[in-house]
């Protein structure tokens, strides 16, 4: 067989390193497409001039461009036969990605646990993205439920990694040179500083975007994510294309500009759940909650831990989980991350 | 409140300067998207090599990329609560925008007039776009009807600015170095020179494009225009997304290549009206009328004043206004501009 | 008349050279769009770093970006009034196209044959794409059936050029410096070498993509292809937009990654037929057949001659032609090309 059918649960070995294919050079083209696909307005990623006033040599590529690029490469090896993308943890952005950089990805299998039904299992991987200098730009853990090809394959010894519930703020990496002490709040779009956000505060980001199939497919292909369900209407009985969860992440993050314009750079991903599927025609909105605050030691730079929730139109205000602990059916995404904010 | 609900009529003060947020660096990515979104074929903007034969160091960004970028930044402050975009005047392109340039915008409130119903008012602003060197690249007046938040807010003293009906051709700014004396008409696509166009001549541009929601949303986001009605189907009772007027401008301008291939660079916007709303599924066509001709003093460079009218499929030939002075229902756009054309 | 209605059959003269309009500079923007529009993953075109390990100075623009750009320029002069795009032959990629290059096109009329019905005729052209240095980057023959405007125009003497059934592999041009001796199969995505492919071997590429109108229009405009039927729903009785055949070529070529990941660079187009029309909503799949193998003399570089067939969902496995020699109705494209593959 010349074609790749993807790995099944019994194909993973604890501790193995999987080198993912197809390195990718990113340019102003990817950036422009990102800003066309999402209403992204963060000034550091939008303007070389603004980035320079923040101590950087130019505008880096958006944090989530790095995420999607690194993630997309893992799909053919990790999640082509996944039933569900179960969670994220311990994600850290370790170095900015610049226009012209080339990214590639590797994953290490850090956990395996067959499900009691014997038909599938959970695979835990630590994925890392490298630039052309071999520098790790992103490091995160993801776990997915993967089908078995051969139901009679023996179950591996169950190993479930211990994962931090939250990335320790002391381990956040502030991009080299970043300095918000001359930050221009008028050009950034909002006047709210790190100190203006209180733990427990919730923000309704107001705006909504109705999703089109053409758009999420453009995005998903741009990251070279090959998961069939995003592109091929024959893959689901209902003839709908499931939208890549990362599309919802980027859309919600961009919508959160309205209220969090100064949450400029994501530096850690603490946790994430794709609570319900998203389809074309859904109108997506977002709200955030301030979960924690931390100092970083960098000049003028604080960190906020934020919960970002994407919902479909019709959701109750600040819809999240019901009394039973389950997500409300209108909730699409529940993301927990650290972002850098001017003090 | 952390979020921005936009300004209402009573929030504007005559003479105030509003610094608009989120500067934007433009690159070959924005240019490629522009040429994918519109059938743009103007040779000066399409080819570095062609631009060099016209005395420029490279192909500038399309004139309307500059316009949309500068305009988009004004939306959150000027037209987020606008009922209607009423007009444009005195628009001038003052310097080319190059790949790598960063644009930002400011507006000065130059007129205010509350409507007699007391529910809204007209706000006149002069908006200017600056590059990273502080050079003004675009300067234009726009007026919009904006809702009042508080109907009991007192009406300001009515001030309506006097605006030129047409930009004086003596004030047109020809890009530094532009020289059409070695212009290659074969590569440009048509043989018609400035002298071949007669005042009063009308041109049916023949071609049409059927609009998709995915496309106008990509465009509108690319310019960081945040107006809700373009993205969110819940904003209108009919569940349709209103298409950003600038999308129709760019589409009509690109369609006008067929007959005006040598109207290379827009240098002034005399007036403009978005006559009727445009929605996905509409097939847009365009026609032009030559309104005036002027010399510029630059080598080989003349100027044509053109009326560009965009219509929906089904419009009568050269559809414009009825006997009552009102636009025919199929007319979408009526734009009056100056363009540079080889002599 | 200022507008261009396109040429009709009687407007072509044997031997004439037509200089096509609107040169185009290509950048990382066009590349990013190409990779968003198609699931393209070829490592040489995706990564500067990978291309360097193959002896190139950077990742060239995808081979089909060059093809579409050169082809698009010919449309206003060759196929605006075409009834059908009948075939391709003797296509050769002669030099890589780099980001920043400017392409223009010329065609020479090499054959003319009026149809027996006297209403149309077949026009054969050899089209060539040049970069800004005047170097030919692509050379191919295409023939189209073109309507007559004046049915009483006399038929020209019939001249049908003799065309090679297959490009002689000895005439394939390997990009200067290309060297696959240090090729990284893990990063490229598959382990199969030139020697692993047997003549007669067929590969089902597994994946499918459902096409959207917004996507094929973005693509077709990007190449400045002006054919009305791709954009304007009023052009056909069924109100559907016919999809540019090149969109199907690029989609099928990208889908063929799964099984032909190492068929890195197309260097010749032997033949091609657009067997049936394609419309939005069609789910496109692809299969390939190895037709021949050849050595190139370049270090580590072999060539495979491949048949690439695009089909609509519902096609039988490896659907091609029926017993009557006609294409099955689900077959969209039958392309015959040479690609460079690591030994």
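Brief remarks on what is shown
To keep things simple, chains are lettered A, B and C as they appear, and every chain counts its residues starting from 1.
The definition used in the following text is that a contact is a pair of C-beta atoms (placed from the backbone, for glycine too) under 8 Å apart; a residue touches a chain by one contact, two chains touch by 3 or more.
A quick note: this is a predicted structure, and the numbers were derived from the prediction, not measured.
Arrangement of the chains shown, judged by which pairs touch: all-to-all, with no pair of chains left without contact.
Note on chain A versus chain B: their Cα superposition corresponds to a rotation of 120 degrees, in steps of 5.
The geometric centre of chain A is 36 Å away from that of chain C, both derived from CA atoms.
Within chain A, the positions touching two or more other chains are listed as 27-30, 32-33, 99, 212-215.
Contacts from chain B toward chain A in the complex involve residues 2-5, 19, 21-25, 27-30, 32-33, 76, 99-100, 102, 104, 132, 212-215, 217-219, 221-222, 224, 226, 228, 231-234, 241.
Interface residues of chain C facing chain A in the complex, by the touch rule stated above, are 27-33, 35-41, 43, 46-50, 59, 99, 186-190, 192, 196-197, 201, 203-210, 212-215, 258-261, 283, 313.
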